[in-house]
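In what comes next, chain A is part of two complexes: it sits with chain B in the first one and with chain C in the second one.
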Partner chain A sequence: MNSIIPLIKNETVKMVRKKRFYVILLVLLVLVPMFTYAQMKISQRNQEKFGSDWRRSVQQAITDNQNSLGSARIPEEWKKFRQVYIQQMKYYLDHDVNPQQPGAVTFTREFMDNASSLFIPLLIMGIGSDIVSSERTAGTVKMLLTKPVRRWKVLLSKLITLIMFVSLTVVSTFVICYGISGLVFGYQGFDMPVFAGFQLQGSNVDLSAVHALPQWLYLFMQMGLIWFVGVVVALLAFMISVLVRSTAASIVIMMAALIAGSILTNMASAWTSAKYLFMVNLELTHYLSGTPAPIEGMTLGFSLAVLAIWGIASLVVSFTVFTKQDILN
Partner chain B sequence: MRSSSRVWRIVSFLSFVTTLLLLCGFIYAVKDITYPSASSGMELVPSTDQKDQPAVSPGQTGIVVIGDSLAKGTGDDEGLGFAMRTVQLLQEKDKNQEVRLFGNLGINGLTTDSLSEELKEKGVQYMLKEANVILLSIGGNDLFNGGQALENGDDLPTAKELNASIDAASVKLKSVAKQIVAINPDATLVYIGLYNPFSDLQEMRSIGNTAAARWNMLALETFNPYRNALVVPTYDLFAGNVSKYLSGDHFHPNGEGYQQIAERIVQSLN
Partner chain C sequence: MQHTSISEQRDSSGKTVLQVKHLKKKIGKKWIIHDVTFDVREGEIFGFLGPNGAGKTTTIRMLVDLIKPTEGTIEICGFNVHKDPERAMGYIGSIVENPEVYSYLTGWENLEQFARMLQGVDDERIMEVVEMVRLEQRIHDKVRTYSLGMRQRLGIAQALLGRPKLLILDEPTNGLDPKGIKEMRDFIRRLAADGMALFVSSHLLSEIQLLCDRVAIISHGQVLAVGKVDELIQNNSNYVVWEAHPRESAVDFFANKRIKVIDDPEQILDDSVMAGISPEAIVTQMEGGQMAEFVALFTEQGVQVQSVYKINPTLEQLFLELTEGESIE
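So, the complex of A and B:
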């Protein structure tokens, strides 16, 4: 154990020196103001239409969704989403709780919800994809391995560093999002109630276990789920980075997988075995908000199991390959 | 290497703390989703933004439309329906008055029965309470089943069937009227009368006309007791103008048809 801490320290310093993490912060600092501005425009337009009266705007949203249910042109799966949405919105109205009370915390919650399946995994890929392959590209891997340390320890130190930075990425996303959107929407909203515990049975929502949570607790849980997704994505990126020599190739592979996932989620309901793919299971936060899963039979437990198996498998592959592999060139 | 020591201390401390926090969040989330219970969570404090003053300020007309596809404006290529067209006409008529459509609660295929259910929704009630003019269109689906018989080539309703539907629906219309007036007794309630969409079909002309006329008669009786309610006839508008005022589905009005209804509504208000 003694010999691993200096290794982690070494990796951490390398990570900071290579400015990978700064790139992530920079991406966030550029993109978040754009999303904030877009959200501001949307709320201004709603303000024009409905005044400051959120109840009217929620009821209108319910009616609009009810109308689309009658249309034969709309696929059944979409109808399910809308039926669930209608029931949830009615619940908010019945309890006189504004589902979208303006504020930086609400904005951050919605941003994180949308970012969990593609945006944050992409950021994590940015730090994970080249963590091993860059040593190869630069030839420094020989230096690392000639030290009197076991190979698996070298790899483990890289892995631990990666997970440390996954946590930092998730939290930085929150901090930057809250900080920037607060300038526009105000920094309030931590204690606003949010409903959780909607249990879906097909297109019906079981409301018996619904309970209100303060928004800070909701965010806390949401970030925990996103973190788990982030760790699994990091493990996969890590494996690809061990297997593929070129950094560019490893980034492309991970990116293709993630984007394929977001496309599949939109159209996979007919192909049910797609639910065993990791990229369809990245939207863990949807189980918290009560949004229907893309494929029948997916539950939180199922998604966690699928992600865990993919994560563990990639760990096994990474370590076996790295310890056995010949380092050439 | 002082600076790298500092970097390491900061990064390791921060990442340790955040990892621990996120892990707790994760465990808490899994627990909350897997075993949700209504008793956990916070107490709801009644929201504080309840408005004391009415939504409609003096010099403002707030309109809410409720009912079936006619209320929604189905068939209008411009998507305005009689709702938006009424707002436009009222605005033109009196520039000093601010006329606003608070919301359109029209749902395609709504019958008197389902409207009665809708009226129990808190959100619907809230919206109706805010308005000072309520436009209501309902009954067409009870009688003519949304023109579906025509579209599907099924048998058209016979006079006997129509009479039976009218009897059943008029009872429900009474309770709908009662519900709406109970929700907002002060608003002007405008009921849009039915027309016969089949008046150019040889075999349906007279049957449909009789049905529409009888329904409108019953509607008049229904709304008569309420001081602020009125029935706007549309029957005569469409009687000879089916091809001009009906849209392609041969059931809903087209833009021009809605415009005519809107003009009727504006004439009857004030």
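So, the complex of A and C:
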């Protein structure tokens, strides 16, 4: 047995026939129309309130946020977010670009931005958590490992298949978002400029590095980052799947870690060493849009490095354990 | 028994297919397998007999590279299972415990999965093994809908795909109905007649007696005896059950001739054997050859003999004799 291609084919057949991927598509097909509808309602309301002038709507958003800065009830961290937001909106106003110009591309960009830290990792977890543990639960791992194929090859074929499906998940999210929201907002917006490169300097925003990107390029970069997050989450889920025999347990562990991450990002700014946890580094797309990082000192490079280290460590653990472990039941 | 004569015709000095030397396994701090040594030759049916928990399955898992031995070696056709699994495992087909297959695939798709892990197995070969196990009718149905017997046959088909020289079956008749058990035995004999070596584990002496040429008896992780099945049984005492009238006179005759009468046969006989014996029956311990002598004596003395038959010792009894009184529990 020299080639790994037939093994990858096996894994792909299993993945498709287990219908896990269909579940992901189904979830997207149900949720995206809901978000599209919500977004449509918002634009309708803005339309009623401000007429066709988007400048008034942006101006209103700036005023609202500015007013809230004076309130003592709002935590300092939140004020920072709002300040950045105000400055970004002003920048858009100054350059006469509508940041909320409706269109399928804008909707997709915003959806992806919000989906990167929890929604897409959860979908990926759904396919990654049971890729090894399901074979242990069902006992079929005995059939796999008593064939004349090295264990690392069996595991590698599973890993490659998983990464293929991660990529497919990211692409499907884009396609479904664009396809469905386009029905409502129209399919335009690829050339619309988006500003990137806002840098936070204390409580001020440094605008010197800000530059306009066409939205298609922005979206492309965003998908690249989401793909990277997806792969790292998949590697972690893969490791848990090797370590834990029960699929249910491995899903619970991964889910707890991801949700803990989204809670921590909201409250961890005081606990700075939390920035080495993978869960708080999942919002890579926020570096692109210029949203301040949850913890002081986090940059895109830092987060990429932290995620890469977590990913590599899980790979090492997965392969070491899987090739050495005794299959006792 | 017919197969006994067949086994004697077979050359017992056939080529060694499986050689196990001083196999030991420690799990945690406990030695599960102390010392297991035996070999299996071409064309023979080798029984692996022991009570549940004796270490049968652990040993089998070591044979098929699911568990690494702590000490000792296993060679299959000259290749060390743990150093060269790719080559060694090419000669083995196995079912460890239950035949676990992917229930969401059809029988055919399952076989395709395993065929892709083997060298030179094409659709024609898959069809061949499907016909061997007589599963043609249902092979394109989902395995979920199969009965246990059908799954067992699919498991065997899977094990036969790679044209193995050695087939390892762990308790192959477990859970089958009497018809299924008989079919399974016939099937195993046919495979052996074609020159394949078979390694069959069981906790039932009767099963091994009916099927195997040679046997290794294992208890507490240690091989107590290896040898021809018939010799092992003959060397140990046999029981003869008498139903005679009047009972008392028969008992007196036995006492005079110093034949041991077992007072409480439930202690040493299987429940299944006991069920067929009337409470009036006298269980004696004697050589089979002495039966005729006593029948003649009883007829002469006017004792009516209603039935006489030999029963073989149970596994437990055999153990008691092999270990000289040490209980198997």
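The rule we apply is simple: the second predicted complex is superposed on the first by the 327 of 329 C-alpha atoms of A that agree within 3 Å, B and C clash if a C-alpha of one lies under 4 Å from a C-alpha of the other, contacts with A are read in each partner's own complex, and residues count from 1 in each chain.
In this section, a residue touches a chain if its C-beta (ideal position, glycine included) is under 8 Å from a C-beta of that chain, and two chains touch if they have at least 3 such contacts.
Please read all numbers here as calculations on a predicted model, not as lab measurements.
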{"item": "Contacts of A:143 with chain B and chain C, given as first, second, both or neither", "value": "second"}
{"item": "First (chain B), second (chain C), both or neither touched by A:13", "value": "both"}
{"item": "Residue contacts with chain A in the superposition, chain B compared against chain C", "value": "B"}
{"item": "Which superposed partner A:75 touches (first chain B, second chain C, both, neither)", "value": "neither"}
{"item": "First (chain B), second (chain C), both or neither touched by A:165", "value": "first"}
{"item": "Which of chain B and chain C A:288 touches, first, second, both or neither", "value": "first"}
{"item": "Partner chain(s) touched by A:186 [first = chain B, second = chain C, both, neither]", "value": "neither"}
{"item": "On chain A, positions contacted by chain B and by chain C", "value": "9, 13, 17"}
{"item": "Residue ranges of chain A in contact with chain C within the complex", "value": "1, 6-7, 9-10, 13-14, 17-19, 138-140, 142-150, 324, 326-328"}
{"item": "Touching residues on chain C, where the partner in the complex is chain A", "value": "27, 61, 64-68, 85-90, 92, 94, 96-98, 100-105, 109, 113-114, 116-119, 158, 162"}
{"item": "Footprint of chain B on chain A - complex, ascending", "value": "8-9, 12-13, 16-17, 50-51, 53, 55-56, 58-60, 62-63, 66-67, 70-71, 89-90, 93-98, 163-165, 167-168, 170-171, 193, 196-197, 199, 208-214, 217, 220-225, 227-228, 287-288, 300-301, 304"}
{"item": "Chain B residues within the chain A interface of the complex", "value": "4, 7-8, 11-12, 14-16, 18-19, 21-30, 32-34, 36-44, 46-47, 55, 72, 102-109, 121-124, 126-127, 130"}
